[in-house]
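Several structures are given next for inspection.
What follows is chain A paired twice: with chain B in the first complex and chain C in the second.
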Partner chain A sequence: MGEFTEMTAAFSAISRFVDRRQRFFFPAPAVAVLFLIIVLPIVFNLYLTFTKWTVGLGQPQFIGFDNFVEAFGDERVWNGVKVMVYFSGASLALELFLGLMIALYFNRAFRGSEAVQAIYIIPFAATPVAVALIWRIMLNPEIGVINYMLTSIGLPPGLWVSSEHMVVPTLVMVDVWKWTPMITLIVLAGLKSLPQDPYEAARIDGANPLQIFWYITLPLIRPVLIAALMLRSLDNLKEFDMIYTITQGGPGIASETLYLYSYNVSFGFFKAGYGSALMVVVFLVVLVFNVLMNRLRRDASAV
Partner chain B sequence: MANVILKNLVKRFNSVTAVDDLSLEVHDREFAVLVGSSGCGKTTALRMIAGLEPITSGEIFIGDTLVNDMDPKDRDIAMVFQNYALYPHMNVRENLGFGLKIRKFPKAEIDARVQEAADILGIHDLLERKPKELSGGQRQRVALGRAIVRKPKVFLFDEPLSNLDAKLRVAMRAEISKLHRRLGATIIYVTHDQVEAMTMADRIFIMHKGALQQTGVPMEVYAKPANRFVAGFIGSPAMNFIDATLVREADAWYIDAGEFKVKAPAAFNARLEPYAGRQVVFGVRPEDIAAHDPAADARAGNTLTARTDVVQTLGAEIFVYLTCGAHSLVALMEAPEQTLTEGQRLDVDLKMVKTHVFDRETSQTIV
Partner chain C sequence: MAKNRTAKALKTILFYAGAIALCAPPLFVFVWMIMTGLKTGVQNISYPPEFIFMPTLENFRAVFEQYNFFHYLMNSLIIATLATAISLVLGLPAAYSIAKYRQGKIGILILIARMTPFVSYLLPWYIIFRYLKLIDSYSALTVTHLIITMPMVIWLMVSFFESMPGELEDAAMIDGCSRWQSFLLIVLPLMRNGIATSAIMAFIFSWNQFLFSLILSGPQTKTVPVAVYNFISYGKIDWAGIGAAATLIVLPVSIFAFFVRKSIVQGLTMGALKD
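Up next is the complex of A and B:
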């Protein structure tokens, strides 16, 4: 009997303890999972950054900042930065420009505009690797349909991704084809939410359509443009599946972005320490770019 | 400055006719108020004058120029919008100067005109602010300023005061009137508020269902409404309408409303003659109903017995809601010495010479 009371007392003490700390107990499983799949890999990656470790050959060795020093002198790193700036600069600029233009076009309702918009969205909705595979086949200089079409109308065939000089522009073209619709969608939503009366005021004030675009639409839509650019840049700066599927960074290293190089270092050469360090560099580039953009966006939306 | 002429102006949206054969002339330097209830086509008419709305048919002249196919920017007009329509990303200075900048005015001229407008409207302190940092009244001033700097031939106002609170609205009414005198400009002002129309207009244009009902100086449309719509629209509180029959008795015409019968003044006789025995609508303004004066001539036949329903005190005056059988009437009277109680019997006199009789079928004024 005495034992029973003691047990009951112990149970109720435990249950009181749990009750009072519900806010810790209930999220605990989720926190544990997040810790395992997000925090731990990041921490491990940061740790590897300071080590020399070839996967499968012994333990990671602590080498301080040597990986970053090595990266600084690595020509392939500089090539990667160059390709990244070239590819991302060109594709982001084109996507933003075309996205805005097409959004402006779609913003004026016309017969069948909904159907056209639906078709226009398809590239954006398609699976990236599948899209890349099909482009790779189409771009093949020997059997690809693109050269077939060019030659059949009397134009010279191109080497496309087989040419050192044409590979990045070609990848930019594919990226623009796939992702401009996303920018369009975001900008179109922004355009539709703009106030209408300033436009009438501007017409009365004497502005022509070009002036209305320049003085009214562009400033008003700027925060949306920057937000779309940020969103797109997150993926674009570490574009992987499309480039990897089509060129694997080739020919040679002509389309090897920093991100692709860090992948090759880690999973091609199994140099996990150095690869991690390069990954951190990519991360810093994305971070700095977006912090700058966000500041720009805040200035722009402070109307 | 210029006059504005509309000739047989029509606007259809699909099957809906918003403006129906509207013809009118606004004189040079006139303050014209287009007034009517919402959906009467007044704003559509204004937007057609501005060039923001294509014309279905008809002609618009500003000055002596046919402007039908002219862009808004070439019509030399300025417009003040109901929602101000300020450029949200520009500060007040840039908002005011935008129209001049677009028209390639020299910088010094723009600065001078912005200063001048800021002086007139007292918005000097706001010049560097963005619209969202301004109150409704301040935004309204900026919108006015943007129109003023352009020095256009014609100002168009689209319900500019309807988003302001009551007190500010009264103050702005006076300011806009002053502005009109100072600028000596032609103004076309659209409003649904008949008080605005009465207080500000040189001439009122009353619209209903897309068509012009009556044009005239404020007192004229108040005293001599052309039809039942105008009679009910102008004046606050609105005129009382009572279905009645015209009957001729030995000495005079009587307006017989069943529950009461009042004698029409002799001056009405000639006009009433053709309507003998016909169904009419009798109209009497609240301010033309007074408490019965026992000293008055009993043969005047203008007294009716009613019961008070609700009494509202304004101070010097009172609103009395009366019932007389099935009829209800509102009266605006001087506050009596003895407080009226609700539900009491009250004899009232009608100022018969000020009353109106309308044709029940056509709604046109008979007298």
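Up next is the complex of A and C:
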């Protein structure tokens, strides 16, 4: 009997102990695991950045900043930066513009709009590799259905991903197809949460729809637009599955982004040190872009 | 009056034209995917492309019998389920705590995880798993998929927890619940919609994950994205097989996404709509 009371007392003491330190105990397991699976690899990756090492051959050799010096003189790095800026700049701008336009469209309720929305957002969850393969079939210059449809309405067929000049715009098109729905959903949620008073005031003052959009909607929705852009940029700047599946960076290196090149260096040539250094550059690009956008967003919401 | 009616009719027409313009691209790709799977190999490479044809289920049979696709579907199912379950068990209390105590530092950890290129994790993990002889094991793949699913669950759940009124939990505490009890018995049941949404999102992103499996899986643990990709890496491209396999991979996640499409947004916009 005494033992039982002691156990209960001990148990409730533990329970109280945990309770009082909920702030610590609730997130602790998750933080520990995140630390193990995320922070440790990043630290290891940072260490490799300063070494020269071919995986499977000997030990990493410390070489200081030589990898970064090498990257500076590597033409494929500069090509990768160029392709990344081209691909991400074009796809992010288009996705944001179309996402906003389509969100404005959905913001007006009409009969059947729910069903249209449900169909429109299908690509969002579709497995990137699987749909990229289907695009690859459709874009085939000789037997693809897209060229067939173009020629049957009298337009010239395209070379799409087989052409050095067309490859990036074509990849941008596929990216826009897949990801604009996500931007639309976010912007639409933003539009629905806008205050109604400015609109009523504007209507009383006799503003036309274009003026209302330009002077009321756009300034109010700007923080949401920037947030959507940031969220999308996290994945877009590191786009891999779609490019790898459709072109593998080709023809030649015409669609090889910096990220794809760093993958090739790490897992094609197994140059772990150099690959890690390039990855740090990719991370810095994502970080700088998001810090700048975040500053812009704060300014936008302060207005 | 008549002018007004014309304007209204014009508006209606424009709305439906817009609807068609928006539905055509996703529907076309999906229909073409399913059609590719239902055509024979010869029909798939004939020009002009055939729009009307006698559908065959032969490719689906071949995908299961020759390519052992059922095994790969099971691999994806096992890994995505494990990664999702572990992410929920660890992530839910963490997200709750972040939402309640505004633990911004953990939020930054999540953000860094989202910003870091996946290859930065992959290279160290590849080296470690090679050393431990765990390449081509479920544990290796599950661990790497956690890198995606755990930040995602926490990211989504923080905003769901933030939208919960605090009074209910206070009432439970007054009635003598411990914090664990009130979390398990009061808070979680209230959050079941949010939990379902994050679980489905985590599952979808784990199911779709390609890069980690490309390097860390092998004949035993190959997941479906890698399996379908391999249809093109043996010299000749099996379009019909790709069509059938892609249909089998994409349909389940599309159906999942359909059910959570409304609540996804709330999670995606964490902070974006509040600041």
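Assume the second predicted complex is superposed on the first by the 268 of 303 C-alpha atoms of A that agree within 3 Å, B and C clash if a C-alpha of one lies under 4 Å from a C-alpha of the other, contacts with A are read in each partner's own complex, and residues count from 1 in each chain.
Operating definition for what follows: contacts are C-beta pairs under 8 Å (C-beta built on N, C-alpha and C of every residue); 3 or more make two chains touch, one makes a residue touch a chain.
Only a predicted model underlies this, so the values are computations on that prediction, with no experimental measurement involved.
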Overlay on chain A: chain C relative to chain B, clash or fit: fit
Touching partner for A:7 - first (chain B), second (chain C), both, neither: neither
Touched partner set for A:290, first chain B, second chain C, both or neither: second
Which superposed partner A:215 touches (first chain B, second chain C, both, neither): first
First (chain B), second (chain C), both or neither touched by A:155: neither
First, second, both or neither for A:69, with chain B first and chain C second: neither
First (chain B), second (chain C), both or neither touched by A:207: first
Comparing the two partners chain B and chain C, which touches a greater set of residues in chain A: C
Smallest distance from any CA atom of chain C to any CA atom of chain B, in Å, after fitting: 9
Touching both chain B and chain C, residues of chain A: none
Residue ranges of chain A touching chain C (in the complex, touch as defined): 15-16, 18-19, 22-23, 25-27, 29-31, 33-34, 37-42, 44-45, 48, 55, 102, 105, 108, 110, 112-113, 116-131, 133-135, 137-138, 142-145, 148, 152, 177, 182, 185-186, 188-190, 193, 223-224, 227-228, 231, 234, 238, 240-241, 244-245, 259, 262-263, 266-267, 272, 275-276, 279-280, 282-283, 286-287, 290, 297-298, 301
Chain A-facing residues of chain B, complex: 50-52, 71-73, 77-79, 81, 83-89, 98-99, 102-103, 130, 132, 146, 150
Residues of chain C touching chain A in the complex: 12, 15, 18-19, 22-23, 25-27, 29-30, 32-33, 36, 44-49, 90-91, 93-94, 96-98, 101, 103, 106, 109-110, 112-127, 143-144, 146-147, 150-151, 154, 178-180, 183, 204, 207-208, 210-211, 215, 224-226, 228-229, 231-232, 239, 242-243, 245-246, 249-250, 253-254, 256-258, 261, 264-266, 268-269, 271-273, 275
Chain B contact footprint on chain A (complex, rising order): 195, 197-198, 200-208, 211, 215-216, 219-220, 303
